[in-house]
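Let me give you the structure first, and then I'll get to my questions.
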């Protein structure tokens, strides 16, 4: 069900807006017609945050919005370091080099017959790629439940869109500052227990969360796809930098070219950085 | 007559305006009250063109405007490389680190009795520090003549200010695209021949020009001060990077801490980079 | 000296190989071409160097394997590759379709392995040159050790030379105390060209975990940060040897290509710059051509070594 | 382990010298303090290292002497200095007024010169430590040569140690093939602390003139660009020797100070960063204090070597 890595383009995208959300989160809307046209949910882009050698490498960000008809893409990030800090200062009108779409992404097949349910389990900025995914899934007839958690309210992205799409959304924070004071796995456990064959879970978030979700789903027997992150230099499969240990062989997968979406059973989540 | 290197401050200056002049020349007005208060004509500042390590070093620029009462300074530059290119994109309101005032500068003594004439001989952006100098000299009763040249019209800064100050201004370009088709020394030669004791010449421009002016003045016997440039790392005397050969001893002067203004006879202009 | 009216010619002879332009994909940032083909045009390069290949397949080092540094990056991939057999049988034939000269970068733990690598690729159609990596800082045994003293470098080169008849490039380490003597030893051993430089050795500490970022602790430093070291190595070595030099280290634009050429390199390879800007090569060669036209150069080769000639 | 309620203490013992904080002005970017005093507060430093001093005065190298590089710079000052006599008689007494420990950086062409330098400064009031520069890439004779093999490093250190009784720092070159063995030799020769690193060797070509930018052709590369190399050297050497290590290379902020400490340095010196930001030291030490308070550290020394401990 995960897609094929296709051709990518390096597009000079125009910044249309930069909005600050809660805490240190920021969302930018970019005009990037070529990428918007071919992108699939759960794919990502490599962004050159500014010209010159500092920062040197591009930064990977999931597409949090894909509007092929309008030629628009969105990315949503947490300010965690130099790159994301500079990005938060982007001005509308500015042009940015964006390489994408990258990674396999996730193509949701249309529901035919039997109703099917998609469980989206996300932590922090891991919610970003879930927006296009939920949209596509709803359009193809899936029921969608969203389980979203973060350390505290200020690390939560704006998740109101899911209500508009008609998803069932539950929220938890570690400190109880918004939603239930619980881990996101606590929220998802009851729902997943009622999963039927053909249902699917997708998770994206910090490795400890993903590991817990994997344990939960494998216990219940729900198919789980996990979207992973690893430090990247190229994002295009050139450098072999973004290694994640394979569950069965001695070898490694590469997050950018084999993923970022993997079948949970294929990857060794102990091997990726905690 | 050259000043003493005094205390400098590293001031967070606000960009008030960035104006493009002819060719690739740009002029910025900065709010920098501390530097404005203590700066003398022919001093310079070290500018951090943007945050981060690329570009790494600050760039030296002469003060082309000093307004102590308004807390303003101006710098005027030619876009010749990465640093000056980034500076040309400064936005009003942006804050820039500016270290200064630096260098000895030049204090013009008031004229008492006998009228005295100041000959300012400049090439290209070498005119920049002449603005505050001419202003100060006029205010202290000097007659001021300006001889200004460049390769062609597009390398000339806007020199109309000198007319407003009541200076005699003559312009030459190598290609005749503006003013006389001549070298600036050709312009100055006749005037300097009429110089009286107590008159003073000051030059600032490319080394070949400065060398020619030095030859001219020493032939005629006019006192000449030259403002020099050399690649700088600190601008504050710390690194000993900006060496210029001393005319008499085996040693070196340092442009930033011993200069940038030198008595022409003290420096070996063959030793500086052509 | 030049006819500015003609379209400048960028072609260059590299130890008997004819390259249509002097820009080469460096080893380790181009894989075996499959991924690159999805992003940009392989035909933009004068030649391509494939990932460091060992006799037997290698899984590579534990992650994290890459990490940014000021104006550069560290890598400790650990020579992840499918092994010489697969490269010779599958990877090279696929890549050869693009019609761009192929350089196979090889790495051995012992002199015998170097010999075996030479023998594996001898006669394989599509392999236009071998590049002997005596400078990889990211593997335990061998690797850089062969590039640290003249005698080992001579022996490793000789080991390949005996089995491999084609153009032989030796890639040197800037970590050697006297790179000129290593370069001379490589030439004596049979090198027909030299690549300078491989990476410096660096460590970055993660302030959160208070431990090294890389799974392998140390990694190879490359990117614009190291360019002055690379240009220095090229400047020194190109004056001391008679074989062509490939300049490598921090190339991101045509100005870097010019700088290496003036320092004495006749061709230039692009490493980490390609990771950041995979579509850059076509643009860089266009810029180089325009520069040559403006400066009245018939071929940028006229600039090679201008800094010391 | 720590009392987060108390104001963190930044002081540190460096081979018997008490520093109020771990930030030192590196040699060559602070002159003898006169120029610095006009720009910022000398009292912000834990200690200061004066410009490389030779037995006899030196005029230095022909210009250009400095040149920017990606995230760094080259310098080839060539040890311009007034000679040991003037430094001992005039410069040190003036600087001593500020009450900050003074380290005199010395450079010799021969072992005898090193001895003579040790003797010149022995007993001079205000000279708190000597730093032996066996790593200067910018002078013809001697300079870096003493830092490239263990034996020469041992002898140079020994030559000073015989004459100089106080704290003795040896400053090593990253250009050495095996810095750990050089470090051990320095300690055997009598070093009470080690400074890592001096500059790498680089060249930059001016595209306009097509010749090297620097008057001296090669220069020493420093700045953020080299930080990963410096951190690697500190990481390796601090595990191998029992004397304190001073981390140097690319420090521009408190995060760099932390990185060096975690790698194993107990103090850190700031070189080219000071040229760009002369007023940074006070801010960096404030930031370090705040970090310690937030992390519940009584003294940043608790972090030293965390990356390998």
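Quick notes on this one:
Labels A, B, C and D are assigned to the chains in the order they are written; within every chain, residues are numbered from 1.
Following the convention adopted for this analysis, contacts are C-beta pairs under 8 Å (C-beta built on N, C-alpha and C of every residue); 3 or more make two chains touch, one makes a residue touch a chain.
In this text the structure is predicted, and so the values were computed from the model without any measurement.
Separation of chain A from chain C in touch steps, taking the shortest path, is 1. Listed by label, the chains that touch chain B and also chain D are A, C. Greatest centre-to-centre distance from chain C is found for B, with centres as Cα means. Chain centres here are Cα averages; for chain B and chain C they lie 46 Å apart. Averaged C-alpha coordinates give centres for chain C and chain D that are 34 Å from one another. Distance between chain centres (mean CA atoms), chain A to chain B: 55 Å. Each of the following residues of chain C touches two or more other chains: 69-72, 223-225.
Of all residues in chain B, those that touch two or more other chains are 53-54.
Judged by the touch criterion defined above, the protein chains are all mutually in contact, each touching every other. Taken in their complex, chain D has these residues touching chain C: 69-72, 74, 148, 175-177, 200-205, 207, 210-212, 217-219, 221, 223-229, 231-232, 235, 250, 255, 258-259, 262-263, 303, 306-307. Here chain D touches chain B in the complex through residues 28-31, 34-36, 38-40, 51, 59-73, 75, 77, 80, 213, 223-225, 252, 272, 274-279, going by the rule given at the top.
Taken in their complex, chain A has these residues touching chain C: 5-8, 10, 48, 53-58, 97, 99, 230-234, 236-245, 250-252, 257, 271-273. Across the complex, chain A is touched by residues 70-71 of chain D. Across the interface of their complex, chain B is touched by residues 52-54, 82 of chain A.
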